[in-house]
Each structure stands twice: as structure tokens, then as C-alpha cells.
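Scrolling down, you'll hit the structures one after another.
Two complexes follow with chain A in common, the first pairing it with chain B and the second with chain C.
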Partner chain A sequence: METNIESEAYQTFVEATQTLNNTELKNWKRDGGKVVGYFCSTVPEEVFTAAGLAPFRMRATGSTNTELSDACFSNINCSFPRHAMNLALEGEFDFLDGMVCLNSCDHVRRIYDNWIRNLDTHFVKVMSLPRKVEQPQIEWYDDEIKILIKDVEESFDVEITQEKLNDAIKLHNEVRELQKEVFRLRTVENPPLNGVEALNVIVAGTAIPKARYKVLLEQFLKDMEGVKGKGGHRVRVMIVGGELDDPEFINVIENEGALVVTDSTCFGTRLFWRPVSESYDDPVTALANYYIFDRPSCPRMTGDQERRMDFTLEMAKEFKVDGVIGERLLFCDQWSVEHYMNNNDLKKAGIPFLQIDREYILSGKGQLSTRVQAFIETLEGKGIKYEEVV
Partner chain B sequence: MTTEANTAVEEQEAKPLTTEEAKERALARYKVERDYFTENREAAKLMVEIGPEWQLQVQLLDIMLDAKEVIIDCVENDKPFIAGYFCNAPELFHAMDLPWYMIMETPFLAASAPYLEGDTDASVEIGMSQDLCTAIRLPIYYIETGQMPLPTVAIGLLTPCDGTPMLEQVIQHNSAWKDVPIYSCDPPYTSDERAVNYYAEELHRMADHITEHTKHTYSVDRLREVCEESNKTYSLWQEYNELRRNVPCPHGWEIGGAQAFAISQCFVAGDPRCTAWFEKLLEVGEERVAKGIGAIDRPDWEEKIRIFWFDIMPYGWVFEFMPWMEEEFGAVVVMDMFGNFPYTMIDTTSEETMYHSLAKRNLLDAPMIRQARGTAENFAGDIRRIVEDYKIDVVVWPGHMGHKDGAATVGIMRDTCRDLGVPFLHVGLDLYDKRYTSVEEVKEQTADFFRGMGLA
Partner chain C sequence: MIVAGIDLGSATGKAVVMKNGEIAGAAVLSSTTNPHNTAELVLNQAIEKAGLSSINQIDNIISTGYGRLNISYAEDNLSEISCHAKGAHWMVPSIRTVIDVGGQDCKVISVSPKGTVLEFKMNDRCAAGTGRFFEAMARALCCGLDGISAMENQGDDPCPISNQCSVFAESEVVTLVNDGIKLEDIIAGINMSVASRLTSMSRRVGIVDEVALTGGCSKNLGLAAALEKKIKTKIVHLPYDPQIAGALGASLFAAERLELRLQNEKEAVNQ
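After this line comes the complex of A and B, so read on.
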């Protein structure tokens, strides 16, 4: 994937996105650091940072088959956990000192069960994430975070003080603010970075120890100052969906002439568009409020679809998109129904929508290109009057 | 996503139904389903001579039909009623004197209805993915096309799978249902005392919500009365299940788990009619055990393979498959997912103890919720318990296309069975739609398996 960005920081991001155990993590481990992997962006990674551990968001980058994990899963399971589990069984996650799972979906939650039966990771845990976004659920999750803190303290022989948690929240918020800055570079007509490049920046942030990532991000923003805007695209699109960490998927879309300018995905804006509030006395309360209510939710949280659609519209408007592409991994029930509603709501708002079902490891590029091309043709020359729809 | 599908939805939205029209439309379909069950009841009546089990079926259908008539009356006469689910402590609805229907009633109870296939196809046409559980797609289709009675209050379900919370969100999203106040208890993923207490609080909030929107409430004494009646039912059910340990098992797939579940949890939880039905079931079962009669009462037949069917019965095509298994292989479904769970008795000492027990029963016991809501140990533990208690020869995981958490537990189930020395069969089908994997294919797979395992 070609780039006109001349930046060492960017090269580090690309490497971190294309690999699992990247150079930055290796350096961290070489210096005695420990790494905790976690599934789902609703795991409060600030807790790990506060504990002096590097949080690592689980992916299945580089997986080529599911031979080993086929003994655990079936062919009606989402390909993401199947590939991730396969890599785990192949030993590709042996660099992890811990793994935390959530009951985020029917497929991923079974990673925990299969992991504890087949692997020997020092610290493995599953958290109970509520399905609603109201006060009792915030309180439930508050307790869950406290239990997580206690478990991490015991397992890693560390103390997680309020001060450390506050510091971690501050650091993660600063990172979020910088990521927003990166994204805002894309609001202009000819942005200096495309969708592929933006995804590389964000995925890397889930794989590089946070303090180091922040330094790299600052450097990256400086490096971006002289970068020429990218022209030549026919339309601007937004991606809405879940587990999208593969720049190649975006590349296929952009090769057809659609510039991906923003998203609502869990390797995208949902991670950083809102900060954790720093006005609570108790940092755990702040985290519970953030992860249950304040951050843009995903379809597994009920009673929140309207706010999710508002967020999509907010993004669509700010980034002046011509259409929205809804991506879904096959067999995902949550995104399947969410996109059904997205389709109806976006149509009402006058924003064209295309749903693409895919496998975690990109296949059928030709078919994807054809569908995107057809979509672009319907978007060209239309122009959405956002003053009227949002 | 098909273009036709979007057109269908757009067309519908272009001409929004008036409340009266929507009411009529939903009622018309509801009556079609009532008529389907009425026909079933008439057919069952003709079979009563064959055995008392048919009398039980007739009684069950009487109760179901009564429940349907009550809902029809509520819709026609603007009386309050609930749309809900079985594991929402229906004893509370009963104590509040509020009728309710189950949102997933059609796939669960009318899966053999002649209109099911057409409706399943139509659900895809309005834009549902084909890999979404059929049992979720159908109610979404009915809601989106105004074919489900609009209740006074909806009580949602956020467990055991990813499908149910999505169905709930369609309810909240649908323009006609938007104003229906909905409450759903949040199910914790854990199963300890903290989880039960939290769920009990959720049930409290659910009851407050119902009262707020229907003005119906309960007295503690009335709730106690209902819970005590419900306890009687569950004790009888437990006693009946003891009978199923016998070799030969007194009943096979035709009567047992599914009906017991329907009657105790879906229609008349805590009602003396429910207790009476279980008394009869127990009596019939005892008689068979005393006479040594197995699932099929025929001199040239014997029970050879005792099956634990670890799911709902495939009601869409049950008649084409289960009798075949019995006839061909002497394979009897001794227990199924809906037939045996721990039956927490409700401690009726105080309102709080009742809520606590109801929370336990509905979060930790209710079938399918019990297995699929939490970690895989719930599956493994049930297999160990049932295999031992019921002298099971084969565990069948049908592999319903909606049960994705179960699909991700297949390795664990297989390992559990291997440790127990019991063969494990994983099929891969749709419990509600025989076109997904044809009955012939399922039969072939089953027969090969039985032969391969030296069971036939």
C-alpha cells in the first residue's frame, strides 16, 4: 500500500499494524515490561497502564488458517475469534502475560473458555459487561473494574493507586485527543492521509505501550505538517462496523476511487472521539461511566441505537461524506441487525448506505471492488445537503 | 441486502398504518395462529383414544388457546397486557393479574405451522441476514410488518444469545412500537451471589416499570400464593423427571420437556391449571413405569439408544425425524435442554426472598438461558449431570444455526463427552427450517454416526 507520508513514526505504526509482537512491544518486554492482551474495546485498558502493564488489543493479523481452532469452534462462528484462537494455539500470543476477555459477543466470549482449557497464560480473566447503558449498569461495571484491579494487583504483584489510575486516564485522554487531531486532518477536501494510513495510526495505538505511542503520535503529527493533500478521489465515504483492523480492506475501497474519511468502528473513532471524564473524584467511577455510557457504544449495548445513529450522523456531517459503507463479519448477529436499522435510518436521512459482509481475512477482493464501484457510481454528483438532514 | 427487501420496507413506510389498521393487521395474524392451534387441538382430540398422553396435549392446547383468547380480548377491548418472555419471572405477571404473550411464540410453539416457511423467507426479503437465527428473524419480521399485537408494556430479553438484544433494539427502533414502554432485565455474565442479587434488583425495577405503565400491581400475599403454586408445579416436574431415569424411559420426544416448559413458564406460571397438568403427567408416567412401557408401546420394539438432545426440539420438522430415530434405531430422547434444570424453589418467606429465588430461577435455571448465558462450564456441567443421571448413550448437539455461542463450545462439549466415554454428535441445522439442512441429510448423518459408533 503506497504512501506519500515520510515519517519514521508512521513506519513504526505500519509495522505494529502488520504484526502482532511488534518491535515496540519487544523493546518493552526486553526492558522487563509485561503485556496484557484484551478482546473488545470496552475493556478498561487504563487499568493495565496504571498497573505498569502494556495493554494489547487482540487481533488475528497474519493468520492464514483455522486448522487448530476448528477443534474449538464451528463453521457458523465469526472468523475473527477463530483466527485469533488459531494464532493463540500456534503460540503467536506467547508474548502475552495476561489475557482479558469480555462477554462482548457469542463468539468472542468463548475465546475465554477455550483459552483457559488449552493455554497456559499467567493471567486469564473474563469480565461481565452489562447490556444496558443506565445507572445500575454503570454501578455494576464499576464493581467489575474494581474486581479487575484487585485481580491484576494480585496476579502481577503491583499496586494500582487512585493516583496511578488518574495518571493513566490522563495519558489515555491525551492520546485520544491526538488521535482526534489526526482524524480532523481528514475533514478537508484533499486530506493529507487516506483511510489506510489513518487505520494504521489507530491500530498501532492498541499495540504499542501508551506512553511511547503518545510520543510517536506527536512526532507523526509534526511530520504530517508538510504532507500534500490527496486528490483524485471520486467520493468521500465513512465506514461503520465492528472489528475492522485490516488496512487492506480499506485499500480495496480506496483503489476504486472512494476516499475513506472517517468511521464509526471499534478500531476507529469509537475508541477516542470522547474522553474519559476527569471530573470524578473516583477514577473507577469515571471509567465505569465512560465505558458504559459516555463513549459511543456498539450494537451489543441495548437502548442506545438512537445515540449510535446520532454519532454516525455527526461523523458523516463533520467529514462531509457522500455515503456510508457498513461492514460486517459474517455470522455477526449484532452488526447484522444494526446494519438493517442503519440502512433504514440512513435512507431516511438521505445518506446512501452499502452493506458489505466479509471474512476476517480478506477474500473475494474482485467482488468487493465491483460492489464498491457500483456504489461509487450511485454517489457521484449527488452531494448531500447536511444542513437539511442532521 | 436485497434491493427488493428495501423496497418492501420503504413501501410500508410510505404508507404508515393507522393505529387501528395496525391493530387489525396484528390481530388478524394472531387469529390465524390461534386457528392453527385450534386445528391442532381438534386433531389431538381424535387421538385421545391412543393414550392419555394425547389428553395431556389437548389440555396443553386448551391452556394455550385460552391464553390466546385473553390476548385477543385485551387487544379488542383495550385492556392492558404484556409482550414478554418466559424467563422474566412470569409469576410476577400472574400476581399482577396481567396477561402476556411471548414475543418469540411463533418459532417456539408454532414451528410446524404452514405459514412458517413463507414468513422465514419474507424476513430475509425485508433485509435480515440469512445467518441470523430464524427464531429472531421471524419476530423481527412480524414487528416490522405490523403483525404482532402492540402491548401496553414490553418486557425484553437480553440473553442468552446476541440475537435477543438485537430483537429488542428493533422493537425500540420500530415506529409503531417506539411508544411502547419497554424494560429488560440486564443479565450478568457471572453466576454468583452478587449476580443473583443484581438480577433480583433488575426484576424489582421491571415490576415497578410494569406497574407504572399498567397501574397493575400485586400484594405480597398474592405473589406468595402464585409462587407457592409455582413451587408445586416444579416439584411435580422434578418427580416426573425422576421417572425418566428409568430404563426404558417412559416417554420419548413427544411429551416432556417442551410441553412442561411451555405450560410452567409460558402460559400459566403459578396457576392451579398448570399444577393439574403436571399431576396428570406424573400419573401417566408412573403408570408406564409400573408396567415397564417405554417410549413406544409395541411388543416388537425396544429402547436401544438413550439420547440427550441438547437443544430445543426441531419443531419445524420433528415429525419427520424423531419417530424415524425411534423406529430405525430404538433411539429415544430421554432428556432435552428444556427438560431438566435445577428447579430452584421459591423461598416465600418475604418479598425479598421471593425476588431472590425468582432471580435465581430465571437467571440460572431457565433452559437455554442457563446454558448459554454464561461461561462454557454451564454446558459441560449439564452434560456431565444429565449423562450420569439418565444413563445417556449419546449426546446430540444439533448445532442450530442461531446458537453461535454453543457452536463455539463444540470442542468443549466434545471433550466433556470424551471424558465421560459417551459419543457426541454435532449435526449443524436450523431447528425451525428444514431447508437449511434437509431432513434426509440429518438422517444420513445420524445413521452414519450410530453405525460408526457401533450403536446400530
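After this line comes the complex of A and C, so read on.
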């Protein structure tokens, strides 16, 4: 995937996105640091930073098959947990000192069950995320975070003080603000970075220790100053969906002429568009409020679709998109009905919508290209631009 | 002005040659493993039928279909969605919905009064409800595609057949055969299962009259009848072979683009 960005920081991001155990993580471990992997962006990674651990968001980058994990999953399970578990069984996650799972969906939560039976990672926990986004659920998650803090303290023999939590929240918020700055570069007609490059920046942020990532991000923003804007695209699109960490998927879309300018995904704006409030007395309360209510939710949260759509529309407006592409991993029950609603709501708002079902490992490029090409043709003057002339 | 459209599909290649806004020649051929060859063969047939002798007599060519990138002499390529909408709309301008059932895809397209695409839905990545599905069923029933299509074979009591997966549906059909179920009811069940899949896709786009059925599977009379029952609306009879709708659309785009180019050249000279 070609780039016109000349930046060492960007090269580091690309390496971190294309691998699991990246160079920055290896350096961290070499210096005695520990790493905790976690599934799902609703796990409060600030807790790990506060404990002096490096949080690592689980992916299945580089997986090519699911031979080992298919024995403990079924073939109507989502391909993401199947590939991730397969890598775990192959030993690709042996660099982890801990793994925290969450009942984000019925496919991913089974990783916990399979993990404790098959692997001997030092620290393995599962958190319980409630379904609704109201006060009783915020209190529930407050308890869950407290349990996680206690477990981490005991297992890693550290003390997570309020001060350390406040510092972690501050650091993560600073990173969020920088990520927003990167994304705002894309509001202009010819953005200096495309969707592939933006995804590399954000995925890397879930795989490089936070303080180090912040330094790299500042450097990256400086390096972006002289970068020429990207031209030649036919339309501007936004991606709405879930676990999308694969720049190659975006590349296929952009090769057809649709520049990806923003998103609402959990390797995208939903991670950083809103900050954790720093006005609560208790940092745990702040985290509970943030992960249940303040940040844009995932469709697994019940009764919150309206706010999710408001967020999609907010992004679509700010980034001046011509259309929205909804992506969904095959067999994902959360996103199936959500995209049906997205389709209807966006139609009302006058924004065309295309739904793409995909596998975790990119396949069927021809079919994807055809759909995107047809979508672009639909967006271009709702037909073909020169039609008015003829 | 002579233009052509080539639609290289997964199962067949189609070509249409148009002379001064009318179809002068059209051809349909089974796809070979070499897309270049398929394109050349089918285009040459259409050229011959148009009473022409060489590709050099054609002023502009647009390609579409899965093999659309393999045709070097095409000026440009467009998706088969835009082309099917354009082609069907040209045949019958009152068409607002096109249901295209091809070899490995099915799609429902909402068409504007101008013949452009408003919205479309395509099958997910599975062959159920496509030509490949019918081929597999015809094999399992040893009745050929004509046997699936024939109206006299559409039984009154269609068997329920899974519309989820071609491979499983085939085993299901084998079971029904072994259970001694009437062939006609199995055939009616097969067509009904595809029709019901197309109906739910249509509901996502919204069915607006009039409705056209295009693509190779439009020749399946049993499917058309089942679909009419499911979507509760009549399918318009197209005055030309519905299988060439994509290639026709491509040739119409070729004409539009050529006209635009000539007009721009004329304006440039006048200035």
C-alpha cells in the first residue's frame, strides 16, 4: 500500500499494525515491562496503564487459517475470534503476561472459556459488561472496574492508586486529543492522509505502550505538516462498523476511487472522539461513566441506537461524506439489524448506504470491488456525471 | 455511430453492438477460463450479427461484469449494477425496479426515471439464489435447467427448501428425491426458495412498479412465476433478451460517453 507520508513515526505505526508483537512492545518487554492483552474496546485500558502495564488490544493480524481453533468453535462462529484463538493456540500471543476478555458478544466471550482450558497465561480474567446505558449499569460497571483493579493489583503485585488512575486518564485523553487532530486533517477536500494511513495510525495506538505512542503521535503530526493532499478520488465515504483493523480492506475501497475520510468503528473514532471526564472525584466513576455512557456505544448496547445514529450523522457532516459504507463480519448478530436500521435512518437523512459483509481475513476482493464501484457510480450525481449533458 | 458493450459474467459472456441508437447485433456465450478469449469470441459474434466485419468499425466500447478489467480495448468499465439498470430501463422506460439473477450474483436495483441507480442490494457472498444454485439443483434432479424452468414442472405443493446454502440445499433435494417426493413439487420448491430470497432483498430496497427480471436466470419461467407470487406484482415482459441487459447498458454508456466527447471536441474547435 503506497504512501506519500515520509515519517519514521508512521513507519513505526505501520509495523505495529501489520504485526502483533511489534518492535515497540519488544523494547518495552526487554526493559522489564509487562503486557496485558484485552478483547473489545470497552475494557478500561487506563487501568493497565495505571498499573504500569502496557495494554494491547487483541487482533488476529497475520492469521491464515483456523485449523486449531475450529475444534473449539463452530463454523458459524465469527471469523475474528476463530482466527484470534488460532493464533493463541499457535503461540503467537505468548508475549502476553495477561489477557482480559469481556462478554462483548457471544462469539468473543467464548475465547475466555477456550483460553483458560488451553493456555497458561499468568493472568486471565473475564469482565461482565451490562447491556443498557443507564445509571444502574454505570454502577454495575463501576463495580466491575473495581474488581479488575483488585485482580490486577494482586496478580502483578502493584498498587493502583487514585493518583495513578488520574494520571492514566490524563495520558489517554491527551492521546485521544492528538488522534482527533490527526482525523481533523481529513475534513479538507484533499486530505494529506487517506483511510489506509489513518487506520494504521489508530491501530498502532492499541499496540504500542501509551506514553511512547503519544510521543510518536506528536512527531507524526509534525511530519504531516508538509505532506501533499491526496487527489484523484471520486467520492468521500465513511465506514461504520465494528472490529475493522485491516488496512487492506480500506485499500480495496480506496483503489476503486472512494476516499475513506472518517468512520464510526471500534478501531476508529469511537475510541477517541469523546474524552473521559476529568471532573469526577473518583477516577473509577469517571471510567464507568465513560465506557457505559459517554463514548459512542457499540450495537451490543441495548436501546442506544438513536445516539449511535446521531454520532454517525455528526461525523458524516463534519467530514463532508457522500455516502456511508457499513461493514459487518459474517455471523455478527450485533451489526446485522443495526445496519438495517442504519440503512433506513441514513436514507431519511439523504445519505446513501452500502452494506458489506466480510470475513476477518480479506477474501472475495472482486465481489467487494464490484459493490464499491457500483456504490460510487450511484453516488456520482446519482448516476453518471455526464448524463446532464447528453 | 457504432458502439458496443461487453458483459463478462461468471457463467456467460454477452455482447451488444448498437448502430445509431438501435440494437444491431447481440450474442451470448458460455464463459471460457480465459476472459480475453470469451470477450473476443462473443464480441465477434455480435459484430457479425450486426453485419459488420471488424472491431475497427466500432467507435467506442465499455465493459462490465466480473471480467470487466480484462478488456484492454474498452474505453472504460462500469459495474454491472449501473449497466443492468440502464439496459432494462432502455428496453422499457417505465421500469423502476430491476431484479438481476446471474451466474454467481443476484441483485435488486432501484432505478430512477432517468435510468440511473438509486439504490441496490446484492446477495452476500454465497451462491444460493443464483445460476450456480440452479445448476446444482438441475444436476441433483437430472432434469437440466430446462426442466427447472418449464411451467408444466411447477408442482402445486412446493416443498420447503432451505435458501441458505447451495451445497446443503443440494443434499436436501437428494433426500427429498429418496423420500419419493414428486419431482414437480421439488422443482416448485427450489424456485420458491430462490424467489423468497429475492423477495427479502427486494424488501430492503423497496419494490416500485414496474419490475423487470434480467440476467441468465430470467429465462427460468418457474422462477419468474414464483417471484410474481411472492412480491405480489407482475414482472414486465422485456422486448429483448433479458440476459443482454448488462451488455446493452454498457453499450448505451459507450454511446453517451462518445457523444459527450464529440460535443466537447466540437466546442473546443468553435472556441
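Keep in mind that, in the parts below, the second predicted complex is superposed on the first by the 381 of 390 C-alpha atoms of A that agree within 3 Å, B and C clash if a C-alpha of one lies under 4 Å from a C-alpha of the other, contacts with A are read in each partner's own complex, and residues count from 1 in each chain.
In this section, contacts are C-beta pairs under 8 Å (C-beta built on N, C-alpha and C of every residue); 3 or more make two chains touch, one makes a residue touch a chain.
Keep in mind that what you see is a predicted model, and the values were worked out from it rather than measured.
Enquirer: Tell me the contact category for A:R300 with respect to chain B and chain C: first, second, both or neither.
Expert: first
Enquirer: Could you look at A:D333 and tell me whether it touches chain B, chain C, both or neither (first, second, both, neither)?
Expert: first
Enquirer: Decide which partner touches more residues of chain A, taking chain B and chain C as the two options.
Expert: Partner touching more chain A residues in the overlay: B.
Enquirer: In the superposed arrangement, does A:P81 touch chain B (first), chain C (second), both or neither?
Expert: So A:P81 only meets chain B here.
Enquirer: Figure out whether A:V47 sits in contact with chain B (first) or chain C (second), or with both, or with neither.
Expert: Neither partner.
Enquirer: Regarding the shared-chain residue A:D357, is it in contact with chain B (first), chain C (second), both, or neither?
Expert: So A:D357 meets both chain B and chain C here.
Enquirer: Which of the two partners, first being chain B and second being chain C, lies in contact with A:N343: first, second, both, or neither?
Expert: Both chain B and chain C are touched by A:N343.
Enquirer: Identify the overlap between the chain B-contacting and the chain C-contacting residues of chain A.
Expert: 330, 340, 343, 347, 355, 357
Enquirer: Show me the residue ranges of chain C that touch chain A in the complex, using the header's touch definition.
Expert: Going through chain C, the ones touching chain A are 66, 78-82, 105, 112, 114-122, 124-125, 204, 253, 256-257, 259-260, 263.
Enquirer: Could you list, by residue number, the parts of chain A that touch chain C in their complex?
Expert: Touching chain C from chain A are residues 330, 340, 343, 347, 352, 355, 357, 364, 366-367, 370-371, 373-374, 377-378, 381-384, 386-387, 389-390.
Enquirer: With touch defined as at the start, can you tell me which chain B residues reach chain A in the complex?
Expert: 1, 6, 9-10, 13, 127-129, 131-133, 136, 140, 156, 158-159, 161-163, 165-170, 172-173, 184, 186-190, 194-195, 198, 201-202, 205, 372, 375-377, 399, 401, 404-405, 407-412, 414-415, 426, 428
Enquirer: If we count contacts the way the header does, which residues on chain A are in touch with chain B in the complex?
Expert: Residues 71-78, 81, 103, 105-107, 109-110, 112-114, 117, 126-132, 136-137, 140, 143, 299-300, 302-303, 305-306, 328, 330-334, 336-341, 343-344, 347, 355, 357.
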